[in-house]
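Chains here go by letter, A, B, C and D, matching the order in which they are written, and residues are numbered from 1 within each.
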Amino acid sequence: MKGLNPVFIPGPTNIPEALRHAMAAPTIDHRGPAFAEMLPSLLADLRIVFGTKAAGIVTFPSSGSGGWEAALANTLSPGDRVLAARHGMFSHKWIDMCRRFGLDVEVIDAPWGEAAPAAEMAARLEADKARKIKAVLVTHNETATGVTSDVGAVRAALDASAHPALLLVDGVSSIASIPFRMDEWGVDVAVTGSQKGLMLATGLAIVAVSEKAQGAMAEAKLPRWFFDFRDMLKAGATGSYPYTPPTQLFAGLRLSTTMLLEEGLENVYARHRRIADGVRAAIAAWGMPLCAARPEIASDTVSAVMTPPGFDANRLTAHAFSAYDVSFGVGLGDVAGKLFRIGHLGAMTDVMALSGLAAAEMAMVDLGLKIELGSGVAAAQALYRKASATPAERKAA
Amino acid sequence: MKGLNPVFIPGPTNIPEALRHAMAAPTIDHRGPAFAEMLPSLLADLRIVFGTKAAGIVTFPSSGSGGWEAALANTLSPGDRVLAARHGMFSHKWIDMCRRFGLDVEVIDAPWGEAAPAAEMAARLEADKARKIKAVLVTHNETATGVTSDVGAVRAALDASAHPALLLVDGVSSIASIPFRMDEWGVDVAVTGSQKGLMLATGLAIVAVSEKAQGAMAEAKLPRWFFDFRDMLKAGATGSYPYTPPTQLFAGLRLSTTMLLEEGLENVYARHRRIADGVRAAIAAWGMPLCAARPEIASDTVSAVMTPPGFDANRLTAHAFSAYDVSFGVGLGDVAGKLFRIGHLGAMTDVMALSGLAAAEMAMVDLGLKIELGSGVAAAQALYRKASATPAERKAA
Amino acid sequence: MKGLNPVFIPGPTNIPEALRHAMAAPTIDHRGPAFAEMLPSLLADLRIVFGTKAAGIVTFPSSGSGGWEAALANTLSPGDRVLAARHGMFSHKWIDMCRRFGLDVEVIDAPWGEAAPAAEMAARLEADKARKIKAVLVTHNETATGVTSDVGAVRAALDASAHPALLLVDGVSSIASIPFRMDEWGVDVAVTGSQKGLMLATGLAIVAVSEKAQGAMAEAKLPRWFFDFRDMLKAGATGSYPYTPPTQLFAGLRLSTTMLLEEGLENVYARHRRIADGVRAAIAAWGMPLCAARPEIASDTVSAVMTPPGFDANRLTAHAFSAYDVSFGVGLGDVAGKLFRIGHLGAMTDVMALSGLAAAEMAMVDLGLKIELGSGVAAAQALYRKASATPAERKAA
Amino acid sequence: MKGLNPVFIPGPTNIPEALRHAMAAPTIDHRGPAFAEMLPSLLADLRIVFGTKAAGIVTFPSSGSGGWEAALANTLSPGDRVLAARHGMFSHKWIDMCRRFGLDVEVIDAPWGEAAPAAEMAARLEADKARKIKAVLVTHNETATGVTSDVGAVRAALDASAHPALLLVDGVSSIASIPFRMDEWGVDVAVTGSQKGLMLATGLAIVAVSEKAQGAMAEAKLPRWFFDFRDMLKAGATGSYPYTPPTQLFAGLRLSTTMLLEEGLENVYARHRRIADGVRAAIAAWGMPLCAARPEIASDTVSAVMTPPGFDANRLTAHAFSAYDVSFGVGLGDVAGKLFRIGHLGAMTDVMALSGLAAAEMAMVDLGLKIELGSGVAAAQALYRKASATPAERKAA
């Protein structure tokens, strides 16, 4: 039977039934009181998720990429210089977007598998005495390589040279899964999407905008209408959207945010950490390297597993799907065919993760990789077990 | 009990259960074979819905307004002149968008309640010897006033002066509900959204792009990334989207298109016509005027009912909602407070329409309007009845 | 389009979306803690619905008829005499069941359209000096004729002769829709089903058992296993069912009971009364008689409309379904072809009721009945309108 | 997060989303044409599932136990002798039911873990020269012990002595999961429920009745109404049910039967065999015995795992649920606390099974059992892997 197994792509993530039902709600009038009355508490809760007390929250019916575009278009003007690191497919795409909008991108290339190089960024900012750099772009979690960058370190780099550039952060595959501290890190625009840690269908970009970024809006000359923060900030205050809001996704977002806060954000983060630790232990047991260059930057939401030289990793994802009905993420761009990705974010349990590891093991062995069946599973179990059994239960055993 | 009655807003429309379930599907890998294999037949069927044999179909996770932006951004350059009529909120908003993108809009103002003035457009095009006008914008169905414009007449106007301008059409509240003949009318870009005639949740703009418009893409200088036709045309061919596609909405679109074609587009149009005729008969029985200036331009998807001078129409929509749990559309912009709108498009039956008319009657009488209870219902029934009973049944009676 | 209109059969009733989703819950372990923990509060709330403080509540995966069988099998022995009135299809069927189980039924035949004749019952009980009558059966609401009987009067009849017979009541189409006062009326076994006032799918019989009836269990000799109260009373206390309980229906029941109590039972009853008043006003406006012999016994959950002599009412229900996709109830048994039934119980709103009346009018006119279109709707609107508009709103108008 | 993992109880089984949506369908008129028109093809397909060409198919809103009761009540009379083996909780309960209905049960006790002893049955039948035994009862698959009996051998026993007794078979946890050949085995009444191999919610007993059993109906004197075959056989022919049928469950059954036939029954059986082989390999790797006395009678739908003496198996199921949110079946009756059960029937995949094994391993280790983490998973993977990889893929690797 097909369609019964979870997916292990790094988003869109598995969607809890309750959220899918919420998103299947009958049509309501988006101009009626029910929708408007729901908004303030939702926006307040989203602020908690972003780790901010005061930022404005705007949403766009689009994808996370639409949130990127909104971040640029509302804060910058044609010809503005931005500083960005390129170390994976998504940081690459954001840079491509900048260029299509006529921005002058100062690119710092780092190896795919590395994090955004905060030290090099600090140097560039320090060197920018003319303050030509208007914004620094950081991809908090490079979904393509399974690498998490240190946004706080980039903030420190800005602070070190007292640089006024805005800090724009792609948190699409991090926010609501791993710690995101917008205020603490002085992030000016933080972007996420509905389909990752928020456990919803694709279709909503959710963007938090600091007061400083709101100040920059007035000056920003890039053309925008659909993605205009100004209309959307008003919409959040009045419930009167500039165009039809996707009320079903909002119903889902209302519930998923409640679910996250009821679980407790720190518990959500701990769960992602624990599951990721198990997946990484499994990968180590297989004797395969992560794409992430160093353990401390390995992502808690997605693990990119390097396959041996000469092995086409795409055969593995194709085979896992056709033989076991399990989806893993393919390698993208520079690492296409060289790795496969295990997504472990969103609505994921230890037991689900183990089923993904078991499927990966079978697929790898099927294709001749030298892996011992059960070895990764056992390594992960050892971590999940310790994490789950209570002392009283262990004592009782 | 709340939440049991249909809505009568002119979109988002009531969504059949089967479509809501389709949109509640579990997550699949958007890079996997299932999604890619579904696309070609879907795009082929969408062409039928748009009335085109060869146009490219692109989709964006956004709303219909996102489709407008895509239509402009992909075919025009800053400073380009466009010709547009303004005769309602949505034509007004499209013009506003043009200006924010730095286009030079030649506006023809017509009264709200009138259609796009094809004769005046013809005159402007004829006068444009220098061919500075690069595009003509038409709002096929003005949702704010309940008026349908004659797109074929605008095409005739272009042809009369052999004008090469592109014809861009907002079909958000018309396509899939009333006849739309893209090829016959020589439309270059036609825009619709998921949440009207296609009976889905808000969240997808669907745009058909003629070969001529595709030719214009290469020259178009307006900046774009999220809304770039080029990436999306490729995506349709390969299944490889430039960013995460909303697979749940695609699942819904796959099914809703099938449902429309199974009912038969001409039957769908006839159903909308019949229901609209009944609603108009009811409004006439109430002795209230339509906003539509003339019967022949009254829309088959939404009827805007003018309330008496001095009466605040917003009280009516608020009361209908609070007292009867029925949502009607409010007046927008210039006609705010002066009219209310009965949406009768999408998944609508005669019987549902009658329930909306009955609710409107109660609400109007409650607020002191001089309406006879049941009068509008009876007028609509007379039309629905004739339409529904078979001759054999009538004979047998 | 088919499948969009509500049904107007007197059960199964329209099911609110939230309840259908609750009943679509994933499988849980019926022997696990979650199920057991949910039960006590559910049973407590069901007692409120039945109007009892102390009765035991048992449930069977079956239909309301299964509840009848349980009521008999757990309190009676072969050859026992029971007193029952026959005045409609469902009282008839219950008597048939008694006979198949070897009970000696003393039948009081009343015309279909009459209520259970309490006076005649009183006489029979008074005459039963030998106390051979072990139980009196009352069909609280005859769904076939749209007649509500006075259970309190039957209790008074029992009390008048100090007769010890048990009082068994079929409340399938009454409980949770119209007042049911188990304790006040001294009912010993009250039976209902999931698919009427409780607004769920068919599949659960819910039975309340007085202490006196529980006392009779020990003596009762009718064979039983599936429908044994004893196992089920234990199950309610422990959560350990004698066979697999339908956990999805329980999830639905948990929510529907909550919804009813949140609306407030008296409000639920008032809503049913108001809607029924409107339907009856419509029927009067059509000039058609109810099957109910007298206004004071007309049911608030279903109205049975007599069609003119010589007219086949089944043509009407068939035509309403084929032409308008609206289901009404057919006549059953003695009144087959002579009436049609408008169910107005469960998840029903004024506006839904109006749509049913409007559909009925069209169907009747189609088939040549002399009805004025809109006349019934207007009569109902007049009642619904008064009921719904607030004084402040009327004053403001 | 809770509620995301599959259950591994031996029914109710995991329900595919599509089936849950089918069972969440809006209310239809059970007396209308749509329901009646659906029935014949459904009944025809159910015959295929039961392995019969001519048997009548009846359904009751109840559980599998209701089907047992129907099997007895429709073919036997008070005092009739039946021959039955007792070798687990469900065969025990069926015998208890017989006694409550006043049947004279000749019980053959076999150890729990053994199958129905066909040889001993043959001897009893041979000895029954007076043909007092009217029926032989077989529990095809003892869900409590994970043992499958050989129904064909019981048929052979009947044939050997040309005994005319009816053969009544409980196929609740076998039919639609492992081969069931009603005609080939000469089964007279076969009983199943909706909530096992048919992958639906609990609530429907489905019973196949041979012509011989239909002949016995006329003579059978056990009282019955709700469970009367006669009314239900008529219902199947006409669509006119004696009481309200659960149309939502029927919608589910229509789809689940289609899904099974599309997968192919032999493929369904092979899938269950393969999954069961893997689970058994895992249990062997753990060094734990099955309750099933011999490999050849081990069930392909449920595996009962004996825990070491002195270990309370209920602690294991409780811990697995609380620590890992995974439900396994507890031991019942004589084996309560001595075993836990892994259900692997219905909508189950290899990958799901592996996740259950992984969870069981962690729970066992947590409680001090001497199990090597990953050992069972690896043993199962070795079987699943071989089963799944195609030769071409292995060659390519």
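Heads up, the rule we're going with is that a residue touches a chain if its C-beta (ideal position, glycine included) is under 8 Å from a C-beta of that chain, and two chains touch if they have at least 3 such contacts.
Just so it is clear, the structure is predicted and the values come from calculations on it, not from any experiment.
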So using the touch definition from the top, which pair is joined by more C-beta contacts, C-D or B-D? C-D
Among the chains, which one keeps its Cα centre farthest from the Cα centre of chain B? D
Using mean CA coordinates as chain centres, what's the chain C-chain D distance in Å? 35
Whole-Å gap separating chain A and chain D, where each centre is the average of the chain's CA atoms: 45
Please compute the C-alpha centroid of chain B, do the same for chain D, then give the distance between them in whole Å. 53
Multi-partner residues of chain A (at least 2 other chains): 3, 14, 17, 21, 24-26
Chain B partner, complex, touching residues on chain C are 1, 3-6, 14, 16-17, 259, 263, 271, 315, 319, 323-326, 347-352, 354-355, 358-359, 361-362, 365-369, 372-375, 377-379, 381-382, 384-385, 388-390, 393-394, 396-397
Of all residues in chain C, those that touch chain D in their complex: 3, 7, 9, 11-15, 20-21, 23-33, 60-66, 69, 78, 93, 96-97, 100-102, 193, 195, 201-203, 222-228, 242-249, 318, 321, 327, 329-330
Show me the residue ranges of chain D that touch chain B in the complex, using the header's touch definition. 17, 21, 24-26
